[in-house]
Every structure is written in C-alpha cells, then in structure tokens.
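Input: one structure, supplied below.
Chain lettering (A, B, C and D) follows the sequence in which the chains are written, and residue indices restart at 1 in each chain.
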Amino acid sequence: MIDRAAMVAAIDRLTSAMERDFEELNRADGALGDGDLGVTMTRGMRAISDKAADLPEDLGAALLACAQAFTKSSGSSYGTLMATGLMAIAKDVKGRTEVDPAETSRLTGLARDAMMARGKADLGGKTVLDSLDAVAQATQGESDPDALADSAVKAAEDAMDRMRDKPATIGRARIFAEKSKGMDDPGMLAMTRIIKALANRD
Amino acid sequence: MIDRAAMVAAIDRLTSAMERDFEELNRADGALGDGDLGVTMTRGMRAISDKAADLPEDLGAALLACAQAFTKSSGSSYGTLMATGLMAIAKDVKGRTEVDPAETSRLTGLARDAMMARGKADLGGKTVLDSLDAVAQATQGESDPDALADSAVKAAEDAMDRMRDKPATIGRARIFAEKSKGMDDPGMLAMTRIIKALANRD
Amino acid sequence: MKKILNDPVDYVDETLAGMVAAHPEHYRLHGDDGRVLARATLPAEGKVGIVTGGGSGHLPVFCGYVGTGLLDAAAIGDVFASPSAEQMADAIRVADRGAGVLRLYGNYGGDVMNFDMAGDLVDFEDITCTTVLLSDDVASAPPAEKEKRRGVAGMVYAFKIAGAAAEAGRDLDAVTKIAQQTADNCRSVGAALSSCTVPQAGKPTFDIGDDEMEMGMGIHGEPGVWRDKLRPADAIAEEMMDRLLDDMPLASGDRVSVMVNSLGATPLEELYILYRTVKQRLEDAGATIVMPLVGRYATSMEMAGVSFTLCKLEGDMEQMLTAPCDCAFWRVG
Amino acid sequence: MKKILNDPVDYVDETLAGMVAAHPEHYRLHGDDGRVLARATLPAEGKVGIVTGGGSGHLPVFCGYVGTGLLDAAAIGDVFASPSAEQMADAIRVADRGAGVLRLYGNYGGDVMNFDMAGDLVDFEDITCTTVLLSDDVASAPPAEKEKRRGVAGMVYAFKIAGAAAEAGRDLDAVTKIAQQTADNCRSVGAALSSCTVPQAGKPTFDIGDDEMEMGMGIHGEPGVWRDKLRPADAIAEEMMDRLLDDMPLASGDRVSVMVNSLGATPLEELYILYRTVKQRLEDAGATIVMPLVGRYATSMEMAGVSFTLCKLEGDMEQMLTAPCDCAFWRVG
C-alpha cells in the first residue's frame, strides 16, 4: 500500500535523481529548446521537498500541495504539465490515506488525460504524453509492486526507443522538426528518469 | 590689382586643389578628430564654385556671397571659421571693385582676428590661426605679387614646421594632446594648401 | 551586446523594484513573491478586470501597460519564461472587481497552459474569466493555421482597445468581444538584426552574421522565414508590408493604425526612415492611417530589429484606440 | 551593431521626412533644405522663442523636443555634426514671434561658433538673441573649468523648464535667466558599453572590449575617465552618483529631479535596476526626488550605456518642470 511515508520516501529519491540529472536534462532540452528542463525539475522537486515534512496524511491533499509547490516554482511547460497531472490524481484520491499499487495504471491514465487537455496535444507527438501512455498501458492489470516497477520502467524506455526517429510536433522543438529526428524528446527522457526513481530502479 | 576676374580664377584653382586633397585632409583630421576636413573643404568650394558665375563686381558683396555659400554647405568648425574670416574681409572691402595686393597682410590679419573671436582661441594653439598669423606677419610691407606669393607660402609651411611638435590645445584633438605631438594640425595643413593654390604655387 | 546587471537571478525582481520606486503613482506590486504588478489605485467595484502575463524582457510589454484605460494587473515571469499559474491566479484575483476578468495575452505554449491552470484555480473563488489570445505574427504559421501563430506587438493594440472598453464600463462579454475583434484584426511581422542576451544564460540567444538579418524572426529569436544579407531600409519595409498586406488585404476606405516598433537597440531615427515606406504603402492601398505608433512599444531587451503591426479598425475600435489612457510609458488623450 | 538605412547620405533627411509624416500634428519642416523643424502650429506673437540645434543621432534630442511648453524650433545637422549657421539662422527666424529668441544648446565647438554666427546673421533683421549653453557633463572637465564641459542630457531639463517659462509668457530676460539657472543646476555623467555607427562612416566610432565599459565617455564616444572591466549595476550606479554628488553636493531638504537615461540599446529593464541605487543615494542625502525620468531622453543611436543627470530645483524651477508640455516623445500634465 502506498501511504504518506512511501510518498515522502519517493519524494526524496526523486529529488536526488533530479539533482543528479540537472545538466543532462538541460542539455537535452538545449539541443532544440531553451535548455531549462533540468532547472524546472530540480527547482520543482526542491520546492516539494521543502514541504515534505508538512504533508498531510490525506494523499489527495498531499498531492495537491505538491502540485501547488511545483506550480509556484516555475512557469515552464513541463512544470505546468507535471502539476496538472498531479492535480488530476489528487482529485481522484482525495480523502484517502492509502492507494493500492494496482491503481497505478488508472491513475497514470488520469494524469495523461488531464495533461493532454491542458497542453492541447495528442498522443504520438513524441512528448511526455507518450511516456505516460506507455506506462499506463504496460501496468494495466498488474498489482505486484516489483513487476509493476519493472514493467513501468521498461515501458518508458521502450517508448523513447520507439519515438526517437520521429519528428517533434509540439513545443519549441516543433520548429526544428526535421533536425529533431534521431534525438530523444527531453520531456520523455525526464519522465523515464522520474519513473525509474519512483520505481526504485536507479 | 585683384578684381572679380582674379577672384573667380582663384576660386577655380582652390576648388581643384581641394578636390585633389580630399583624402589627405580627411586622413589628417581622422588621426585624432572626426575625419571630415576634406569633406568640409570640397563641399564648401563646390558651393562657392556654383555661385562663381553670378558673383557681383563689388568684392565685398562677392566675398559675402562666398562666405554664405560656405556656411550653408557645412557646420564644421573649420567651415565656420573660414566663413567668419571671409566675412571680416568682405565687410572691409565692401563697395570696392579692386583690392591692392599690398593689402594682403592687413586683410589676412582681419580674418585672423575675426576667427580668433569666433573660436575663442589664442595664437600659439597649433590651429589655423597660427598659419594666418604667420602669413600676415610675413607679408607685411610687401606689395610685389610674386614676392608676396612666395613669402605667404613659405610662412605657412614654416608655421607647420614650428608647431608640429607642440600639443593640440583646441578642438577635438585637444583630448589627445600628448598623442598629437609630432603630427600636423589638419587645419594648418588645409590652410597651407589654400595659400599655395591662391598664390598659384601648386 | 553587454548588459548592466547585478546577479542575473535578480534581474527581474530588481527591474520591478526600480519600476515601482520610479512610478509609485502608477504601479504597485502584489503576490507572495512580488511578481504581480497592478495599478497603484485599483479601479472601483464593477469594472471588468483585464490581466495579462508573460515573460520579462519586453518592456513596456507586459506589465508597463498596467494603467488607466489599459490593464489592471500583470503576472511577471523570468526573462522570456512564463509566470507560474499561481502568479497568474494572483493577478486575476487582484484584477477582479466583481465583474469578471479577461485574460489577454500572447499565444505561447507555457503561457496558455499556465493561464488555463490559473483559471482552474480561481474558478473555486467564483471569479469568471474569459480569454483572448494574440496570435498576430504572420511569419510563424500560414493563414490557415492562424491560431498557431505567436503573439507579438499586436497585444499593445488589444491592451489599449479592450482597456478603453473596460474603462468605459462595458461588461465582460463586450470587453472580450472587442478584444477578440482586435486580436483578429492585428497582423505583425518582425525582422531581427542582432540577438539579445538572457541574463541567466549570459550569452547571446542566437548568432547572426555582422552583415545578416533575419526576416520574420520571433521576439525570443525563434526562426523566421529567411536569413540573408542586410537589405536597404526601403526594401525591408516593402517586404514587411507585402507580408502584412498579403495576409490582411486592405480596401480603399479602410481605417488602420500601424505600429513601427523597435525591438530595442534600433534607434528612432531608423524607425522614421522605415515609416516613410509604411505610410506610402498604406496610402497606396487607399487606407487612412489613424494614430500611427512609432517607437519602442514591445521589445526584446537590446535586440536590434523592428516589427510592424497593422490593426484594422472596425466598429468602435477606433473610438477605443483614441480614448484616453495613462501608464508610465504611454499616454493618449 | 547594424543599421537599417538606405543611402547613408540620406539618413538625416529621411529620418526627418518620417518624423513629420508620422507626427504632422506636432512638427513641420522649414528652411531651403528642410533642416529646421518647428512646431506645426507656431505660437502667437509675443511669445519668447526658444531654439536649439546640434548634430543628429540623439533622438528625441534635439528636434524631438519641439512642442508646446518646450522648444519652438531646432536646426538639424548631420549625424554628430553641427548644423550650419544658415540653418540656425533659419531656426531663429522661424522661432521669432517678436519677443526675442533664446538659443539653448549644448557646449560643442562647432555648435557654438555656428550659433554665434547665426546670431550675427539675424542681427541685421532686428531679432534679439540670448544664449544659454549646457555644460553638464562632469567627466569632461574639472569643476574649475565648468564652462569647458560638454553639454549632454541636462539639456532636456533646460528645454522643459525654459519652455514652460516662455509658454507662461515670461519675457526674454526671465526665460534666459531660468534657463541659465537650470544649466547651472544640472550635472550629468555617462557610461558607455558599446559604440554606435555614424551612417556615413559605416563602422563603429570606437572599439571597446566585449567585457569592458568606459566611465565618463561622451555621447559621441569622446574619452572618459576610465575604461575597465564591466562592473555590476549597483557599483556602476554608486560611482556615477559619487561623481555627481561630489560635483554638486545636496543638502537635506533639497528638491531634485533625476534622469536615468539609456544611450540607446540599453533596455528599460536595466535603467530600473540602476534606479534603485539612484533613489537610495538621493534619499540618503536627504533630498526629495521630483518627477524622476527613466527612459530614452537623449541617445546616441544604438550605443549601449547610460547617463544620469541631476537637476537641483530652486526657485520656481520645479513649477516649470512639472508644468504641462507636449511633443511626440514626452508629455507632462
């Protein structure tokens, strides 16, 4: 069961992973974008970390507080999408103190859908949405935590492989669609790292 | 005797001399100033040339017209000083159709004094004033046109030699006083060329 | 190009501190982190609020246009970066005088997502919001995809016209309608000659040869339609007018305002050189020019270059454009 | 830095053509060669005239400040070059409404000689002229030789204050007196970060390293007091304020206006960053700031850099400074 303590531990892992990947994410975003994705993620996770000790037991309220902390820390596209996804999950689990790992697929799907609506983008566009969709699909019907972790990480990595040679269709990199072929989307890369950290597979 | 015809002939000589010296005067001024002295002199002489056919017999009125043409052509320091000198002579010879070469020294002195007043500068400052003063001094008491011409040219050249190693004290070059030592003042150089052309000693 | 700054991280906060120190009669800062700028004297209850927001580095855009007959509040991001949804929500809260709030800003991904999210946040507080996006940059997408175009200097016209309508007491629907009409009737195109430097990046955003220019470049250095040798002013103006008039043809008798805007370093002298051709082209089209704007209305810090914006005046847009307004950077009437 | 122009020889004439085309309600050209710019509507007989003149490339200085409560006419030279005495005489003739004309301009050799000569020319026509020279640049000569100093942005204060006095119907003596008082009470200092390019020269006027600045440099690139590495904004502002306050100490209770002026490329953002320190220093001195001016009031085309000007307000200078004025670039009241 995922509770407040598990969430706080996950926040710790995620925060260190993002500090570690700071330069790499900036560089990936800088290839065709404005090079701030590492900044967005470290800032956002630091803001959440600062609140971790005060998070309530209600997982919905806790996730809402995380979303708000992230939102305050930056106005970048990725930060706003992340906060949107968190808010969608928060709304769903509001009032509960435990979440079953078996809900992973459904909750990931909720985040994906809210982010699609927020960013007015479709699947297949070589964005973070494709990573989330792959995870939601791969974890469907799965309830064993270890198997869940493995299949989520594999799904995110496979999605990157699958998309690598497609052109970017969204965000700043869209303007360089041709040049973007063969390059990983920075948002997908970041999501893969996030999932690895959450899954404790670093 | 110097009359309208002599004046028109002198304008022709001066105009060609200034076209010839265009680059050289710009370069001399550009060393420490803004590099426009050749522009000033060619523009000014072209403006006077354009009026030459219409100049009246009255030498005063003719010189005033020349001064005004020069003034209109540019607002540079040198152009304004030249026009000031011409106007001072114009005032003196107003109503006369002939001027005796023997008046050269007196008239040059008049121009020098008017220009000193206009530019609020003293003699010895390594400017065009020193050239005019040297000419006024050297031609005093002289009435033979040939001797006049020779001594005027020599005086202008000697003044440049004498001043060369002094620092500039006036105008833009003043700011680079030390650097200006060993360089000819562009205004003195221009006046030497003017005098040579007037004296038909090119 | 060199910049005068302290710690680059403080560039925006120090700019805002200086702005309110210099113009206390116009501006006041709000929000936890001082990233909302509002009118020093808030309007009376019942006036429709107008908020904008976007990245810094474009003064007077965005927050400079907070003022009477203009905007009520602006949310202020870092240089060339969207403000956060929280900051935008704060701007909406300050601007709300009980009659609803129009969100009026430029079409950029991050800004759109954040303003939408800000709307979700204030929704809980019973503040009615509407949205009008500027997407006036003709170089950034073909006419068929106008909604994908970037928003640039056209927003100054939208601020002015919607601001006058709100000041005149119109309701949220009417203010939104005239703002949308203005957005629909604005076309812009830019040409850049040099880059600018984002303080935290520390080096120019893009490289451009000493003798090159880029036609259609965006205000953050986004790619344009061609990059080539620098052309004579008249040729540049002709091409820019071609692009605008192709996109929004004018008919004889049309009334139009035009902005000839410096991106920052380009001096007024050169804007006036360009204006000769702009005026000629509009007159050739049979249009009447109303209140031409020549100056620095929407900049990219010290970028060299210009943009032209046409705003076709229909209905009572002209009356709103020429109505009084007052902020530290612009006064009409 | 790159320029948008046609034939460099036409830079000034095309600028003026664009200016009057864009602002026909403000400006009109006069003189054989169109190098005199005057108010579109000349004042009534009996008003004291105020003329200025100088080189181009400094917009809004000089001719931009022709307007109600400001100047009557300006003679316009080529970029950074004095107008001719004839052009100045024409400006004086246009400005003369029978009550005499004040020549109000900056202390530069060519301008002084030409304005003096212009005075000789109009003397024959029974126009009474007075002269007030601005020599506000503290970096250009020690205090003992104040009369040798260059005139820079301080002239904007002189235009405003003398302009208001003339508009109020004061006679030539009184207008000249308050203009002189303003000139005496202004101190300026500039710091340059980059050069600009004189169109006919085609290349930057001076070279300066990518990481260098020059303190005290003149608006045409005349040498300053030191050239060194670029410093932080606060340190630059402190030194500039030191230099101004050393030259003109302020006492508690003094009332002073201050201008934080961009030489062209430096953006508003950076002026506001500097303004924080400027305000602090004046308040520390016990002075009260009246109508601070932050923006581009006197430029050198696309030069990067700033100038600060202090104007100590004595007698009725403050009343004149805050009186209404109106031109295409500046409105008060």
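Here is the rule we use: a contact is a pair of C-beta atoms (placed from the backbone, for glycine too) under 8 Å apart; a residue touches a chain by one contact, two chains touch by 3 or more.
Predicted, not measured: the structure shown is a model, and the values here were computed from it.
Touching subunit B and subunit D together: no chain.
Ranking all chains by how far their C-alpha centres lie from the centre of subunit D, first place goes to A. Averaged Cα coordinates give subunit C a centre that lies 30 Å from the centre of subunit D. Here the spacing of subunit A and subunit D, counted between their Cα centres, is 57 Å. Per-chain Cα centroids separate subunit A from subunit C by 33 Å. Rounded to a whole number, the gap between the C-alpha centres of subunit A and subunit B is 82 angstrom.
Taken chain by chain, the contacts run in an open path, each chain touching the next and the two ends left apart.
All chain pairs that touch, listed by label, are A-C, B-D, C-D.
Remark: subunit C residues 1-6, 11-12, 14-19, 21-22, 56-57, 59-60, 64, 193-194, 210-211, 213, 230, 232-234, 236, 260, 264-276, 279, 292, 294-296, 299, 301-302, 304, 306, 329, 331 touch subunit D in the complex. Those residues of subunit C whose C-beta lies close enough to touch subunit A in the complex are 33, 77-78, 80-87, 109-114, 116-117, 120, 201, 222-223. Residues 34-36, 68, 71-77, 79-81, 83-84, 87, 118-120, 170-172, 175-176 of subunit A touch subunit C in their complex.
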